[in-house]
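Each of the two complexes below includes chain A, the first together with chain B, the second together with chain C.
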Partner chain A sequence: MSIKLTIDGKEVEADLGATILQTARKYGIYIPTLCDNPALEPYGGCRLCLVEVEGMPKPTTSCTTPVTEGMKVKTATPTVERLRKTVIELLLSDHPNDCMICERAGDCKLQEFAYFYGLRANRFYGKRRQYTKQDGNPFIERNMDKCILCGQCVRVCNEVQGVGAIDIAYRGFDAKVCPSFERDLNCEFCGQCVSVCPTGALSGRIWEKKGRALNVKEVETTCSYCGCGCQLNLHVRGNEIARVSSKPDTHNEGWLCVKGRFGYEFITSPDRLKTPLIKKDGKFTEATWDEAIAYIAARFKKIVEDHGPDSLAGLSSARCTNEENFLFQKFMRAVIGTNNVDHCARL
Partner chain B sequence: MAGLVTVFGSGAMTNSVPETENNDVLFVIGSNTKENHPIVALRMLKAVKNGAKLIIADPRRIPLVKHAHLWLKQRHGTDVALINSIMHVMIKEDLINKKFIEERTEGFAKVAEAVEEYTPAIGEKITGVPREKIIEAARIYAAGKNAAIYYTMGITQHSHGTDNVYSLANLVLMAGNLGRPSVGLNPLRGQNNVQGASDMAAAPNVFPGYQKVTDEAARAKFEAEWKVKLPDKPGMTAIDMMYAAEAGKLKGLYIMGENPVMSDADQKHTIHALKSLEFLVVQDIFMTQTTELADVVLPAACFAEKDGTFTNTDRRVQRVRKALNPPGDARDDSAIIMELSRAMGYDMNYSDMSEVFDEAGRLWQNIAGINYRRIERHGIQWPCPNVEHHGTPYLFKDTFPIGKAKFSAIKFNPSLELPDEEYPFTLSTGRQLLQYHTGTMTRRVKAIDKTAHEAYVEINPADAGRMSIDNGAMVRVTSRRGSIKLKAKVTNVPDVGVVFIPFHYSEAAANVLTNPVYDPICKIPELKVCAVKLEKVQEDNNHAA
Partner chain C sequence: MEKAKTEIIVGMGTCGITAGASEIYAHAADYARAKGLDVKLSSTSCIGMCHSEVLVDVVVDGFARVTYGNVTIAAIEEIIDSHAAINVPVIKYTIAQMPSYGKVYDDIPVFEQLPYMNKQERVVLSNCGFIDPLSIDDYISHGGYEAVKKVIGAGDPKAAIEIIKASGLRGRGGAGFPTGLKWEFCNKAQSDIKYIICNADEGDPGAFMDRSVLEGDPHAIIEGMLIAGFSIGASYGYVYCRAEYPLAISNLKVAIAAAHERGFLGDSVLNSGFKFNIKIKEGAGAFVCGEETALIASIEGLRGMPRAKPPFPANKGLWGKPTVINNVETLANVPRIIVRGADWFSSFGTEKSKGTKVFALAGKINRGGLIEIPMGITLREIIYDIGGGIPNGKAFKAVQTGGPSGGCLTTAMLDTPVDYESIAKAGSIVGSGGMIVLDEDNCMVNIAKFFLEFTQSESCGKCTPCRIGTKRLYEILDRITNGKGRKGDLELLEELSEDIRAASLCGLGQTAPNPVLSTLRNFREEYAAHIDEKRCPAAVCKPLITFTIIEKTCTGCMACARSCPVNAITGEKKKPHFITPELCIKCGSCFDACKFKSVLKK
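Entry: the complex of A and B
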């Protein structure tokens, strides 16, 4: 069933049950948010998406208010803009202004709103939250003083990942995100929480000082671990991966697992093979490509000559690309002349 | 996949991963999805949140069990009996799709006869699953309008793995659960490009696109494209290669990006086979237990250092892009093969990987419509026969590649090595969330290594208590083939009488213990069931044997 309403004077249509925010987004009408995530249930925590609805006594959160027939919504009146600015000011009043050294600078929603509302000085002074840093998590870096309690990490862990490792404990000024009873963390280290965090409160431990936005290029590729085939964005600076992310419009919906998100350190391992090696008298010695290729070709030819092509075999790889597999079996069949080619699909 | 090819004429997931969220019944059997296919598991959880019923059939208390409506804890290796019993109930209670059976399948009568003896009582006796649960599973599955089955190596890594797959196919056919979105039979692929390596014919009996090497027309097509006479006799499988090497019939082996010493069953046998070769070339990104045995080791580029495509578990061809330069003199595998080919006197010259893909497309209709330009932003699922085609999210809409799908009458056969007095425990092996396969990559990720540092054997608290084994104590696990020493992890994940070892750790390699007996059709080793004994080890310097 379709519902007709107007947003900022524009006539729009929405499905029954849709919220004002969802409808506005559908028509490209911008409403600022910090706690909303289209992949998660509506929450109504940050109060940034407040809008005025004709007939309602007070501004209402557009993310939790369903549309009704004939509704008249205004998304950017001076009143709601003033309220939004105050919300940002209040958040900043208890936020360390260390954007200079924050991993998320340039990719932080709070910083972005401060920029748009032109907030430098703050009207609100007072107590700030203090946290003793206690961090056993080898994958995820937490800076709790940068947490704005939007609850996205809690909700993604529960709603999407099905783990529920964390929740918001305590009330008011003491409220904070932590595991049950602030005890052991039952975590799968997927980093979904890191990917939805709008500020620098959560970040990848191995991302630290690897680069932010400047001189970082993003390369879209496919994860090389399991068969899910998740789409990754490798953030590359120099000849190193600074971090890994994934976009919400991918078939994996932007979600990754611990290996996909954090498991790339092997690439720069000092153990990587860097030169061909030929075994002489039981010991590997370094060789040039020309030497290695000539040596292999000569040995393969000799074996084929002496014992026929079927005395050679090749094992290709479920880890390599389609093109490499195609060329490998072509090499065995067309060049060596044998169908002795397989891979370990069975293991 | 040989099982599915026989039944349907095609061996791949019948559905897409995104379709999973629209399932109203999910039957997950022999798949620890949350740890091995984490992102597929998220879609399953989404379905459950939308109200779907989740049935898990797994001997271990895997993480997904927490979200299941029904958990069938069958004994290891008794899947055929469980599924036959479920089918028995469906036939008895008339929960089958007669129209589908009539129109799209053949051989139903044989199956009906074969499952006649598998009453829920017999099923309970063999599998240990209470008969009420078997009946409930049959009713839930049959009632699903969008019911799909998901499985992995828990089904296939058995000496009767193909039978297991046939049984699941029987179940799906009987319920008529094929040919629509969100209903089907879905083997989840364990490695990034198993589907692609199979499609591209890293296999001894077929050319790319599953075209038999014995088929004269297919051979002629490839001979014309490659301008060379091609062998018509099927070659050796990986398993056969190892035996042929031991027998002195295979002289040389060229391995690209695999570590059979760690991943194959019975490590002693694999090492002996590789040592028997006259000449072994291994191409990899790290020294591994396999490269150690090589005569020549070639340094390769990793996934982030090269261009190409992977085909994922739901037949989606997606781009791999070069982001970094490889270290030192390391090169793309493709560049190495081309150069070796030229040195052998056959000119392979491609300026770009897209040319290789296009050549494969000329030779195999199912990817003829896919090219790099079309998959620039999003992958395409084969079959995609022409450039106007948008790809195929689910298979077998109107027909099967072999016309009518085939039922197969399957009887239960026990695993080949069961516990006895001397070796009283069942050992099962697999992966865990943090590590990957033989650990070559993940064990070099510091945070992963810190969190999942050591090999361990999972033991049920009842067994541990009886044998006075504390959590973290060193134990020796011995099978008829070998023995390893590792830490005990006391947990209720495995059942009483069962132990589980992840196979990532070379210092306590699970495949020292496993039984190298194979499924006769697929040649998959029985990595999921063998008999072992446990002994406490006096605490010394913690060095693994």
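Entry: the complex of A and C
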């Protein structure tokens, strides 16, 4: 069923159950948001997406309010603009404001709103949250004094990752996102939370000082760790990866696991093998691919001749795709002639 | 059950126990036994006269029930020796007598005619302080469970809803939403499972009527929930009660077990086929968990944070099922309305606010306590007739209604009728029924700060304006009371207050600025004095006051010097004394100690 309404005087159509924000986005009408994420349940926490609806006594959050027939929505009245500005000012009054050295500068929603609302001076000041950092893990860096309590990390961990490693603790101004009993983070380290954080509160450990928005180009590629083949978006500066993200319109819907997101250091590792090695006189020596393959083929042939095909066994890797694994077992059965074939994931 | 000839009944609500009722009870038992007297000792709950705890009633068979107040160990001995032993009441300790029990005594005022009582109308509190809350028979003998029998016997859920609608009953939890209408919405919602929740979170720091009703009349809540459940088609009820109310919870548990035993609860209530069970969920005492969507989240095991409405609980509530949430006091009205009729109920109150409302009268008032009044009597009647006015001849300044969500009403508004509309028009809310009386010695900036300190610490932290905004409001008030207020702070308070009201997610944030706005509206000059003159007119804000000794009238009695905890006062006997300002910590002891009014607080 389709519903007709107007947003800023423009007649639009929406599906039953859609929110005002979803409808506005469909028509390219911009409403500022900090806690909304199209992939997550509506939250209504940041209060930035307030709009005025004719007949409603007060502004309402567009991210949580379902559309109704004949609704008249205004997204940028002086009242809601004033409220948005107050919200940003309040957030900034409890923020370290150290964009100078923040990993997210240039790519931070809070910074962007401060810029658009021209907020240099702030009417509000007072206590600021200050936390001691306690990240023993090698993956995620938490700067919780930059957290704006948008709750996206909590929701993504629950709704998408299904882990529930973090939630909000304490009340009021002291409210804080943390693992239970404020212990150190000990989870899957998928970094889904990092990927949705609109500010510099969550970041990758190994991304530190690798470059921000400037001179960074994005390269799309496929993760080589497993058969899922998640689409990666490498942020590359010079010839080095500064960080890894993924886009929502991929088959993995923008979500990654710890390996795809943080496990790329092998690329520049000095231990990384770049050519095949053949052991000669008890020592590994570099060889070309042709040499190596010819050597293997010759040895396989000899072994099969001398001892029969069942004297060979093949073990495949989870890093291969399904197609590669299929080819591998086919090769073992049809070419070598043995059913001795297995896979590391079964061990 | 054989009735003993003489019964001694000790008021053992939380307030009574706090005042020492347990000791009195134990001592009375020992003392009567030692004297070889045949008395039955029992307990009841809070009757609302908190200004006179410990309360003890004595009933000699065939005679009026006599209430004694401020009972001490010595007093209980005298009362037992005289009243229990030889039926001679100890007049000096008596408060009142209740002639309905039998022959009246001379020289004891009649309970209903006490100034504290005669403007009250006890509907919700009718059993509190009279029946034994642990006895289902006591409840039944006072007309209990008649309403359930009537409603289930008639077999028509809609009929009960119609009665509640016609009565005009509105929710007593704060918002004043018509109860019958809420039930009707939920009745119409299609679902195999529905829930009724009794909201006993009672987070308003000044209110304790819900606790009193649960402690003193728990079966009334069970009965109210049964009727609500039957009306909306719910077979499950939850009572969400803060864990800080252990007596309420234990009395309710006893009551639930007794109701099961008698067939009022269970798989087939009164063999009608209607199934109804009640569970108690103890909350951790967060103010925000009284908000219905936060309450639901809390029962579901989630963090108690509100969510946006719609969907409303009547359509999508607990575990996603249609749910009615009603306040304790609302539910306690229900059985009475069913038994006595909608017309009876709506004969109390005003055109739009029907029935009675319980208030917790506190602060600078002679007779504080729990009172129940018909809607529409004036603030003046409550404060002066029921409450007996302001103690120590001080001048009335304002009354704060609606607790941390409400506002203050001034002398000019004393003739405002107490009903939802009139109080709202005067700039406050009825709320859950907190009523704090303030006199000339209260600083209104400090009062606003007190409430903001509460709300900002109770905010759930979900939304920005409430989480950070109320903190900033509090900080501004704090600096004003510390003499560090700046030009423009009042305007800033107003701007921020308006924005928090407009932009917050739930009722907590939306109403949190009310104490600031209403004190600003009514007492702006008092704020200004703090900022412009660095002066606290009520002489409350310590950094802004100084203590000095008036040389002319100081007799040199040395009382002040003896009372000073930091030896800041010097002077010789019979000569004027002197306070060293650098040493003084402004505790006020000398001010209280001086009998000659020679210590000046300014």
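Quick notes
By definition in this document, the second predicted complex is superposed on the first by the 270 of 347 C-alpha atoms of A that agree within 3 Å, B and C clash if a C-alpha of one lies under 4 Å from a C-alpha of the other, contacts with A are read in each partner's own complex, and residues count from 1 in each chain.
FYI, contacts are C-beta pairs under 8 Å (C-beta built on N, C-alpha and C of every residue); 3 or more make two chains touch, one makes a residue touch a chain.
Everything quoted here is computed from the prediction, not taken from an experiment.
Contacts of A:G45 after superposition on the shared chain: chain C is touched, whereas chain B is not. By the touch criterion defined above, A:D94 reaches chain C but does not reach chain B. Shared-chain residue A:A121: touches no atom of chain B or chain C. Legend: residue contacts after superposition of the two complexes on their common chain; A:L214 is shown touching neither chain B nor chain C. Number of chain A residues touched is higher for B, counting chain B against chain C.
In the superposition on chain A, no contact is made by A:M1 with either chain B or chain C.
Of the two partner chains placed by superposition, only chain B is touched by A:C223; chain C is not. In the superposed model, A:S316 lies in contact with chain B only, and not with chain C. Shared interface residues of chain A (contacting chain B in one complex, chain C in the other): none.
Within the complex formed with chain A, the residues of chain C that make contact are 286, 288, 303, 305, 307-308, 310, 456-465, 467-472, 475, 492, 495-496, 499, 502-505.
Of all residues in chain A, those touching chain B in their complex are 138-139, 159-162, 188-190, 205-206, 219-231, 234, 236, 239-241, 250-253, 255-259, 262-269, 271-279, 284, 287, 289, 292-297, 299-301, 303, 306-307, 309-347. On chain A, the positions that touch chain C within their shared complex are 42-48, 50, 58-59, 61, 64-66, 79, 82-83, 86-87, 90-91, 93-94, 123-124, 126-127, 148-149, 151, 167-168, 170-175.
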